[in-house]
Amino acid sequence: MTRSDHIDPNSVELLIPSDPRFLAVVRAVLRETAEMQGWDARELRAVTLAVDEACSNIIRHSYKGRADMPIWVKIRTLQGEIRVELRDLGEKIDPAKLRPRDLDDVRPGGLGIHLIRSLMDEVTYDLSEPEGNRLILVRKKSRQHEPED
Amino acid sequence: MNPRINIDVEHRSNVAVVKVAGEVDLYSSPELRKAILSQAEKRPSRLVVDLSGVQYMDSSGVATLVEGLQKLEQNGGELVLCGLGDMVQEVFKLTRLDSVFQILPSLEEALAEESAGA
Amino acid sequence: MTRSDHIDPNSVELLIPSDPRFLAVVRAVLRETAEMQGWDARELRAVTLAVDEACSNIIRHSYKGRADMPIWVKIRTLQGEIRVELRDLGEKIDPAKLRPRDLDDVRPGGLGIHLIRSLMDEVTYDLSEPEGNRLILVRKKSRQHEPED
Amino acid sequence: MNPRINIDVEHRSNVAVVKVAGEVDLYSSPELRKAILSQAEKRPSRLVVDLSGVQYMDSSGVATLVEGLQKLEQNGGELVLCGLGDMVQEVFKLTRLDSVFQILPSLEEALAEESAGA
């Protein structure tokens, strides 16, 4: 746990093990914080799914299925936007592989990146960390484009 | 075992019905996969997956259903989905799989359709 | 966020601002982690209330109502016990004041410490921190004595 | 304003009914306090607090009710609680306030009692 005096009064931080059992904890924290800011069910569903997919990718790809590695989830909820930062210490992402599959090529899997990009307004893989990965996801409320319709 | 998901399997003549309730995510989808694949092995002419109790589904759940669909089609059967709530419907729309699967509103319709087609 | 390689696969850590709005987030995390371990509703209610009272005390007493100070909540859920550690950087607790009020003296307030002690099996205020407070709460499943009945 | 709690106030002759739904904690109890104290100021002969919609209550909620009870008694009125769920009941038992408050199972009984007593 880091120490610092006063903190951002709109943020929560969560540290979970890289175990799929804990994905429900992340969803619950998103639900409560979004509700606090009056986000509606549809917006909440979108953010929840995107964050869940990103966490699943960390578990499966960055940590290759190991269940005891750290995932930090920082959630900043404002009235107009929600910003989620995910941090892991796993294998570095190869940006060349970060591609959504062709949706016409129907096969099990390969949908996570597509969902994340469709659901969020900003998706930034920060590759500058000395170790591991940092992903920043932003969704703005009542955004103009709505690719999910 | 897995408190996030509950799966019931029923048989009606040559139709297998897999009823799913709860949240389908990376933790619980292996259980759904096991249930669907074990039914697929019995080569039913039709497998209905009733998702009316599912409040949440991620891409691992979707992947499981795609795998089930392909297994059934290999054996000349069909996989039908029914009872999709708002959340599940959105995931299928976003992944454009709403045009790949046969999707019916309710289990009643999924079973009625069968007898009509038979 | 601290860095370390593999972590305890049964723990989650949460950092919230000392704002009463975030108490619901703590409750939600407790609910999800306890459910994961098959704790029943009654046990969950007990732990939730105790932790909530302890967080409320940090907000009101340690931080004197300031909403932007950090509260760390570490939850370790096992099948047999749940252990919650609360850490703040506020005013140090005066152990002389940590007394439940006489329950016969009916007045608004003064019930938090009584509830925490009734509901938990171990309540340890660790006064050795250089700054702030650390409170460790433990409840064992199906404990022998059940003062709430 | 406060998504954790919903408060409705109704009046039936000289009885005020405050219906609470949601979670009463340090965040939401100030709203409950405002509602109860503003009713207490009108000096009803009886104030019924219907807690049937309350899934969660902490000691700040209990403190609010104690304050309301004392305000009403000062003015010669009475405060009655009804509809306590398992969780709320436990808090009252633990704080031994179950013997201090008049607690009735349901709103119907809290209102019937009044007409019987009148």
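By written order: A, B, C and D. Residues from 1 in each chain.
Just so we're on the same page, a residue touches a chain if its C-beta (ideal position, glycine included) is under 8 Å from a C-beta of that chain, and two chains touch if they have at least 3 such contacts.
Source: prediction; values computed, not measured.
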Whole-Å separation of chain centres (CA-atom averages), chain A against chain B: 27
Chain A-chain D separation of Cα centroids, rounded to whole Å: 42
Sequence positions of chain A contacting 2 or more other chains: 21, 24, 36
Touching two or more other chains - residues of chain D: none
Pairwise touch network: line, ring, star, complete, or other: other
Touching pairs among all chains present in the structure: A-B, A-C, A-D, B-C, C-D
Chain B to chain A touching residues, read off their complex: 4, 23, 25-27, 56, 58-60, 62-64, 66-67, 70, 86-87, 90-91, 93-97, 100
Chain A-touching residues of chain D, taken from the complex the two chains share: 3
For the chain C and chain D complex, residues of the former touching the latter: 20-21, 23-24, 27, 41-42, 45-46, 48-49, 52-53, 56, 59-60, 103, 106-109, 111-112, 114-115, 118-119, 147-149
Touch list for chain A against partner chain D, complex: 35-36, 38
Residues of chain C that touch chain A when the two form their complex: 1-17, 19, 21-22, 24-25, 28-29, 31-33, 36, 66-70, 72, 74, 87, 89, 131
